[in-house]
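There are two complexes below, and they share chain A, which is joined by chain B in the first and by chain C in the second.
And now, the complex of A and B:
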């Protein structure tokens, strides 16, 4: 499409503004985590690592980080297993209700977190006590898994769509049984998509707050919950800033990795 | 290599998808060492047949035998056949060597022997030195050869090829046709080759099965299928053909046909050159007496210059239209639309076809007054002409797709 010079300038400016609105506040968080002024006076009077050290020694922040990591790993593990299996079922087999299943699996990511949270909260309330269980880390993992599954499913299904089914037929044709075919052909071709899905799922779980609020037990505080709880305390403000910066990094790295993985193998799997 | 018996035998093979027949029950025998083509338009069941032989699909009914052994219930990896896929299906994450050696690796052949046989296989398709590349780094023709080498490395009893040349450009396809044929002669393995290209099927095969709507219309050598088409479909699909039927057929040959006449069998001359009396009556006379030549006069409606040949469309005086194909310099060069011409062809090249609505012929079909139950003037072909054929307008010949 050809654009007039004016249109080009307008579009570029708008795009830059959009990017700026998203990333400048994030940058501010990072800068302020190094700002020696407790009230974040601008411009920063220097650079200090004091807040980072404080945060490192803050017991609350550390235990919250640990809880978040465990919740993220748990939810990712569940999502990897279920999401990959569903993706294979939907992409490699024809059965009644296939489209419906695919829709139902993807839906949770579109549902408002509040709705998912309330629904899961009341469900857990009625199901768990008879089993002798209560709200805790497990409920957070289950809740996060509902939308983490979507990410893994989407990634793996997209890859399977691009990997021709005749590759698996070719392996069988050349003498490989079903397990051997999976090991030699299918898995190597979907591996990176599964990994990318897992990284994204972890990032999603790591900074989730809405659903977590409704499903975490009394003693379970994830990093986002900790930030939210300490936001109102001026005393904690610098440490909250550091934790927020950590959260940003912890989300960016997996997403970047996932993008690299998807991109690389997209080129490799082109036939 | 056993010289007798069938390499592949299909008995009453049927495949239904969601209530519709993709394959309506076929019987077929492919001999050992044969280059056998399954020819037909898309959706005619040829690829389904191939997939049933390979074992990727299970038949709804019927059986598949390989070298006399029933393999209907066996999985693809339990059958001694390999497939060359239409998209080649080369493993993108493996090198060319790993692709080619895969069948040996699965069977547990030792590393040294494998390397040596891979090298030989690559040499046989002239791809030495490409072993370390990935499929994505190869051209279309090279990928095709890798797919061939991969499928042939452990000498399967039968090689199945699913339109392997369809993705190549025209020049490359011509070269690969020759290479493929040569390779088949060298290795002596039975090839079952699926194609929708009639030229490809005719030039490469020992025998051809022509598929239409889930059935086999005819099985024969290329010459048999071309010269003696068993049905109107075969006449039309394999090469260009004229189908002369009904009243025009009766006026020219004495019987209502339908007949298949190949365009290159018809000669053109100016009516004035005709020494005998010119006119319809003469032709009818000739037909009645069982003359060894059919003649018909008509008017040229169109002339198409093809470079090596000229295609002339002629409207017959008795009705119907014939396509004539003459090489340049064979008397058709000066034909222009509107010219009066005389068409002749040896009676033996008017091949009788079964009447069109083949299933359930009407019991009270009304034979034409001139129809006699004796053999048609042309030499008898497969399928008997039905005098009760409806006098449909003869279809002009259709070119190869």
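And now, the complex of A and C:
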């Protein structure tokens, strides 16, 4: 498309401005974590690392981090298995209801979190007591797994779509059995997509708050729940801000990892 | 969302797999002969029979299972789908269905316990109480405004990353746009709380112009939600624009169309499905949000807040309220799926 130099400049400026706006709030969190003023007076009057030290020693933040990690690992493990299975079923088989299934799998992420949250909450409340169980970490893991499946599914399905079956056919034609074909051809091809999906599923579970609110037991506080609970406390604001800054920095890890692993725009698999 | 392009399902219609009798003997004969064929021969007679025969027999059993599965795609499919479908149906759809069933029950006003008598009182209450109407309309308006803002902001960014920026930087730019998507939702909403606070960075930046920020309220909610979901809009539009064939644009220019005409008559219609796909996320995510509303909304109430505040006291009413966004989202998804936009994701 032929664009006049003016249009080009206007588009470039708007785009750069847009990207700047995307990053400015995140940058602000980082800057404010060094802001000596408790109420984040702007512009900052100096630089301090005091809040970082405080956050490091904050017991609440530490135990919340540990809970989040365990919930994320549990949900990711379930999601890896289920998401990969569905991806293989949908991409390598033709069956009645295939399109409905791929529509259903994405529902947990498309429907409002509050709906998923209260649905799971009332389901747990009627199912768990007869089993002698209550709300706890397990309920969080189950809830998170339902939407983490989508991320793994998206990643693996995208990969399977790209490497159509011809390579597997070739392996079979050369005399490899089904097991060998899977081990030497299929699995190496999808392995990185599975891993990338797992990384991103963990990241999604790690910062989920809405569904967590409704499914966590009384003693189970994930990091987002901890942040949300402390937002209203001015006394805790600097420490919350440091934790937020750490989360911003840490969010680069799964995206970078997934990008390295699957090469494609894996970061888009949240969509 | 999966592309619906149908491969010729190689695993099912493979010639080798279709000849059960011939395959093991001829094609794969060398494999079994070396491993499972060799081990039992020495193992069964010799002293080390128990040690040598076990693994070999196990391996042979695995092979048998794999071969059976290979020959029976239906069985394989059933095995692939059983666990995920059980999970999806039991844990998710079952819970959803139970919730909507609960919308037809009532609550004991004194104990807040759910009474399981079938009635449509909750829906009547939702539909006839003007507060709920206002909340519902405000929510719908917010979701539409967020979507509109995102389309307007995302288009230039996507146009730049897809067609103007030097090709070798394009991929990097997309990653740069998408990375903030994985930064915590809460952190981003929280950052905006600081930005919009009285005397905060926005007020400070606007002060020289004699202006001030919007403060907490509905405009702040629209801004923050638009910010939160922006990457969901940029990525599909980027993909759509990147997929535009150059010759279509050249043809338009050769036929005398100027930039604006080409944009309006060629680019926009071709990218419309991508915009629709992006809007699924901006629209449906906005419909149910209540956390960002709590953080920057001041006294604003959207439907998510109404559901949230009703949950503990009156679950059936909350369930009836929840049917509204779910119905809107599902209808929206189905309408968009009809246009084929979901395939472009």
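Going forward, the second predicted complex is superposed on the first by the 259 of 271 C-alpha atoms of A that agree within 3 Å, B and C clash if a C-alpha of one lies under 4 Å from a C-alpha of the other, contacts with A are read in each partner's own complex, and residues count from 1 in each chain.
In this text, contacts are C-beta pairs under 8 Å (C-beta built on N, C-alpha and C of every residue); 3 or more make two chains touch, one makes a residue touch a chain.
Just so it is clear, the structure is predicted and the values come from calculations on it, not from any experiment.
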Inset, instruction - Look at A:47 in the shared chain and tell me whether it touches chain B only, chain C only, both, or neither; answer first, second, both or neither. - result: neither
Inset, instruction - Have a look at where A:259 lands relative to chain B and chain C in the superposition and call it first, second, both or neither. - result: second
Inset, instruction - In the overlay, answer first, second, both or neither for which of chain B and chain C A:108 touches. - result: second
Inset, instruction - Identify the partner contact of A:189: answer first if only chain B is touched, second if only chain C is, both if each is, neither if none is. - result: first
Legend entry - Which superposed partner A:244 touches (first chain B, second chain C, both, neither): second
Inset, instruction - For A:171, decide between first (touching chain B), second (touching chain C), both and neither. - result: first
Legend entry - chain C versus chain B, contacts on chain A by residue: C
Inset, instruction - Quick one: classify A:20 as touching chain B (first), chain C (second), both or neither. - result: neither
Inset, instruction - Answer with first, second, both or neither: which of chain B and chain C does A:3 touch in the superposed model? - result: second
Inset, instruction - Find the residues of chain A that appear in the contact set with chain B and again in the contact set with chain C. - result: 164, 166, 169, 172-173, 175-177, 180, 268, 270-271
Inset, instruction - In the complex, go through chain C and note every residue touching chain A. - result: 1-12, 14, 16-17, 27-28, 30-31, 62-63, 66-67, 69-70, 73, 76-77, 80-81, 83-85, 87-88, 91-96, 98-99, 102, 153-154, 156-157, 159-161, 163-164, 171, 173-188, 190-195, 197, 199-201, 204, 227, 230-232, 235-236, 249, 253, 259, 262-263, 267, 280-281, 284-285, 287-291, 295, 304, 307-308, 311, 315, 318-319, 322, 325-326, 329, 333, 337, 345
Inset, instruction - Quick one: which bits of chain A touch chain B in the complex? Just the residue numbers, please. - result: 164, 166-167, 169-177, 180, 184-185, 188-189, 268-271
Inset, instruction - Going by the contact rule at the top, pick out the chain B residues touching chain A in the complex. - result: 54, 56, 75-77, 81-83, 85-93, 102-103, 106-107, 134-136, 150-151, 154
Legend entry - Complex interface listing, chain A residues touching chain C: 1-4, 7-8, 11-12, 14-16, 18-19, 21-23, 25-26, 28-29, 32, 40-43, 78, 81-83, 85-86, 88-95, 99, 101-108, 110-116, 118-123, 126, 142, 145-146, 149, 154, 157, 161, 164-166, 168-169, 172-173, 175-180, 200, 203, 206-207, 209-210, 214, 224, 227-228, 231, 240, 244, 247-248, 251-252, 254-255, 259, 265, 267-268, 270-271
